[in-house]
Amino acid sequence: MEWDWDFVWQIMPTLLEGFKITILATILGAAVAAVIGLALAIARRSPIAAVSRTVGFVSEFIRGTPLLVQLYFIFYVLPDIGIRLSPLVAGVIGIGVHYATYTAEVYRAGIENVPRGQWEAARAANLTTRQAWIHVILPQALPPMIPALANYFIAMFKETPLLSAITVLELMNQAKSIANSNYRYIEPMTLVGVFFLAVSLVSVVGLCWLEERYARMDD
Amino acid sequence: MIDWSGYLSLILEGALVTLQLTIMGSALALVMAFLAGLGRLSRFFVVRALATTYIEFFRGTSIFVQLFWVYFVLPFAGLTLTPLQAGVLALGLNVGAYGAEVVRGAVKAIGREQGEACIALNLSRYQRLRHVILPQALPLMLPTFCNNAIELLKGTAVVSLISLTDLTFQAQVVRAQTGNTLVPFTTILILYFVMAWAISTAMRWLERRMTRSLDGVRT
Amino acid sequence: ADLEELKEQGFARIAIANEPPYTAVGADGKVSGAAPDVARVIFERLGVKEVVASISEYGAMIPGLQAGRHDAITAGLFMKPERCNAVAYSEPILCDAEAFAVKKGNPLKLTSYKDIADNTNAKIGAPGGGTEEKLALQAGVPRDRVIVVPDGQSGLKMLQDGRIDVYSLPVLSIHDLLDKAKDPNLEVVAPVVGAPVYCDGAAFRKQDVALRDAFDVELKKLKDSGEFAKLIEPYGFSAKAAMSTTRDKQCAAAQ
Amino acid sequence: MPSPIIRIDNIVKRFGPLTVLDGLSMDVMPGEKLALIGPSGSGKTTILRILMTLESISGGHIEVDGEQLYHMKKGADLVPADEHHLHRMRKKIGMVFQHFNLFPHKCVLDNITLAPMLTQGVARSDAEKRAMELLDMVGMADKAKSVPAQLSGGQKQRVAIARALALSPKIMLFDEVTSALDPELVEEVLSVMKRLAAETDMTMLLVTHEMGFAHDFADRVLFFDRGKIVEEGRPEEIFSNPRQERTQTFLRKIIAAGHRV
Amino acid sequence: MPSPIIRIDNIVKRFGPLTVLDGLSMDVMPGEKLALIGPSGSGKTTILRILMTLESISGGHIEVDGEQLYHMKKGADLVPADEHHLHRMRKKIGMVFQHFNLFPHKCVLDNITLAPMLTQGVARSDAEKRAMELLDMVGMADKAKSVPAQLSGGQKQRVAIARALALSPKIMLFDEVTSALDPELVEEVLSVMKRLAAETDMTMLLVTHEMGFAHDFADRVLFFDRGKIVEEGRPEEIFSNPRQERTQTFLRKIIAAGHRV
């Protein structure tokens, strides 16, 4: 079966349509992961053992099981208890929460990476815990986290094809639909590969820039 | 009346396939990780370029696209793999690319100082790697390798999309045959989690064994 | 593959769908259902002792066949002109009309694909790459109201949850699904007005016409002896329907 | 006679199974300059950290400026101090660390003004004026806008001293403030501290391995070993005429290693 | 008169835009004990690292034991040395680092025997016998089976010295071997080195900030500043009677900081 350029141009608009949804899902998912991840990280530091343990276990569970299965659950099982989400919303929540368990680890590492001496200096300067967080710890913890967070957002982008399992018409699903109705897999699948590779190559460059920009400041 | 015990044993058969995929995929990934990871540190430009291309390509495109490619496009190039082989190949190469960065990072983390001590003792490049760098780098790699193995385990769910009768796929079959969604999906969520838990327990044990002698090393 | 090769290796690889009653998977893991049963008998008579069935998405079957992953598709893959171009079909085996599953009382009064096209609120679910998706698109339903559903259970669930208004599959598949669901709030519209009756056949690679012809010979014998009816009628299919049409008619039908 | 500004009474500090301070008691008079010396691991840092409330204590009592440090009155009872009480007590105490612990994301000036503005509600302009005076005192006025990464170790430490002084504590704690510095840079920090000791009536506690400096700086030297004070006295006594065997060996070793006493 | 074992001829070393060694030349005679002193950043470490082939050079020539270090003969031409040539030259030279750089995953004995077994093909039993002699010499025989993490800094450094000696190099390089140690532990290492200097006829180059030790150890002292040798001479001359202004200031500061000369 040979490569057919005419076919490529013919399917391009449809693929771009799907690509838009892929990007949208990634951005929304990243936002969810960033916010929920911080919440998880803080909850895990909670002095109340019941809270930190439960959150810990739930995170472990989410991280240890496949996103695909979780998506099926959110989309097909949750309606039984009255929660009916649109495919895109279900997908964004699924992928966002799944990746929140990863970003939570990044937040945690970032916070723990601030040298203990900084906490102590804040103490010695008689700052309150809240003031220490806002003025001393977070400003130092956040910038070094940015590259690691970005890394997960790229990984997330690459997992958006899973959303086709819950009928989101993203890039992969569009490609499959094209393939199915034309009985040609080579062009759509290769193009999807090219799209992904292009985005990741660009993001690798972006990531390098971020890493340089937010390289650890040292004392 | 639905014959649940029969269908559950179907799911367990799927678990066996998942296990197989995970183990064989991890083995391939491990080999690739060391080949490409050390390749990137090579003196020779060609080796470095090859390793870099492999790593960037497989990290850049989505596991999905790789899977579809291996399964649907490779046959046109005359290479027809069984679904199991296709799954192992795609998963192993994909996770191997991530593992390669871990290997490289760990080897670099062992640091210039140890390398310089080796030069001062006149060890050859190979001797440095074999006797000094790798024995110290290995324990550093383990935690991330553990994460990678769990990622691979979760990745096996994706192979259900190329009709490999793994855990997720069997759950789909059981669902179609019985009309029940909750039971098969809950079952496989638990099974996945148990497997992930087993992986991390085993890795922790290994890590403890390997680092016992390195306790309290100051750097 | 040609017949000699299959005989030698002792089995044929067939693609089936995860869609009762075309295929069924028993609690013991054994594959049955109308399509594989017929294939099994015919291949046996051709001297190929076993069939190895692999369950596949509809959309992946023809590419899989072309990529040499299967020797034949026996899955309720209906004959359509484009498909007739892409693969070599045997004579018809299983025939079925199209049906809709809808909410009790058919609130949107949908009886044909045209009705769905006309009602701008109606969403239809159908398997990706399947006949129903095509029919809906041909009738003018815009792409964003044709939801590609991964499998029957998912389709049914989406209908129950109100995510789609119609779920379309062949009559027997819909009946099978609803029987299992035992949901009093759903009903069947069958046959769909204006939709043709389709028949599937075993599909082979274009270059395997010889194998297809050999298959046809045995299929004819089976039909004539009455064994054919005994094989498929327990699943609800009509042998008469399959025997009253031909591949050529089916392949030409929609043109 | 004035009463002590710090009263340490039978303090015990354990880290897990390890007892680091073992029933330590000592008093410090207002304005006194104290040098704490002794072998590594003897608990010198620990006692400073306890005074700065960076550690908890396992037993005993500490009174600072007439108030309990780790306890507070609730009705008639003494109960463990809460964050609010600690916050109030920390106003009296400042500390300079071995590794400076400057805030790397803030410039020198902001390092100094941050705490006065946040904890004492000083207006920015006032805080900056005072900060510049202090920077002038430590000879760092021209670096007010630099970030810590642009400074040498000695400069960082001088900024750290200015930062601690900005809160005008009654008591200052110094933990090996020169031991992370290159030998050539040590002097600039020590000279700042000598001036400080001579010019203010602040109470100062200093942990150091620089015997020569301890000698010049302190009114009184305490020799620590294994969480106890083994010997104490005026610097002349301790350094030229140590009574305890342990003190003698320690000083001998230090001298052999090339340090001046 | 014997010819120099090390001839450094007009060496230039640049790191990017920074010129660290600027046309440095010096000779070292066999068996000589040299101390390299000077302010931070003056290039002392760099010259040792260049001799150990841990850096490349930007210009000039070095001859070690009659052979070019960074160049080799190819026919009539001098071409840059390849890995094989460097490997051969490194046999003549050993180095001890500031941070010991012991192999943390190997016990003390294996740290010492590894290189002789791998690079000289010595049998394990012979290598271990020699290692035990060396450990005995540095007073560490009883720790042969410990891993580095179980040792104090001073003990680690003594093992590192034994490890370098195990290859019997003609030239030994020491880079601030005591500056990462607690003051109390410095002496044990210095005493080992003094014995070593007295007992062997190895050529030794030593970078140190311990002026007292440089004084006792060296036959000749080189004072470095900004990649140049500013002054050199016998220790008595340099320390009691430095001629150069720069040397005088340096020594004054070091003394002020409490170091004995």
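Every chain is named by a letter (A, B, C, D and E) in the order it is written, and numbering of its residues begins at 1.
We adopt the following convention: a residue touches a chain if its C-beta (ideal position, glycine included) is under 8 Å from a C-beta of that chain, and two chains touch if they have at least 3 such contacts.
Since this is a predicted model, take the numbers as computed values, not measurements.
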{"item": "Chains in simultaneous contact with subunit B and subunit C", "value": "A"}
{"item": "Neighbouring chains shared between subunit A and subunit B, ordered by label", "value": "C"}
{"item": "Greatest separation from subunit D - chain, by CA centre", "value": "C"}
{"item": "Chains linked by the largest number of contacting C-beta pairs", "value": "A-B"}
{"item": "Furthest chain, CA centroid comparison against subunit A", "value": "E"}
{"item": "Gap in Å, rounded to a whole number, between the CA centres of subunit E and subunit D", "value": "38"}
{"item": "Interchain centroid distance [CA atoms averaged], subunit C/subunit D, Å", "value": "84"}
{"item": "Inter-centroid spacing, subunit E versus subunit B (mean Cα positions, whole Å)", "value": "45"}
{"item": "Subunit E residues counted as touching two or more neighbouring chains", "value": "none"}
{"item": "Sites on subunit C at which at least two other chains make contact", "value": "60, 63, 67, 153, 157"}
{"item": "Subunit A, residues touching no fewer than two other chains", "value": "1, 76, 165, 185"}
{"item": "Chain pairs that touch, as defined at the top of this document", "value": "A-B, A-C, A-D, B-C, B-E, D-E"}
{"item": "Complex interface listing, subunit C residues touching subunit A", "value": "58-60, 62-63, 66-67, 82-83, 86, 128-129, 133-134, 144, 147-150, 153-154, 157-158, 160-163"}
{"item": "Subunit D-touching residues of subunit E, taken from the complex the two chains share", "value": "39-40, 182-184, 186-187, 190, 209-213, 250, 253-260"}
{"item": "Residues of subunit A that touch subunit B when the two form their complex", "value": "1, 60-61, 63-70, 72-73, 76-77, 80, 158-162, 165, 172, 185-186, 189-190, 192-193, 196-197, 200-201, 204"}
{"item": "Of subunit C, residues touching subunit B in the complex", "value": "18-20, 24-29, 54-57, 60, 63-64, 67-69, 151-153, 156-157, 177, 180-181"}
{"item": "Parts of subunit A lying in touch with subunit D, wherever the complex brings them together", "value": "115, 117-118, 120-121, 123-129, 131, 135-136, 139-140, 217-219"}
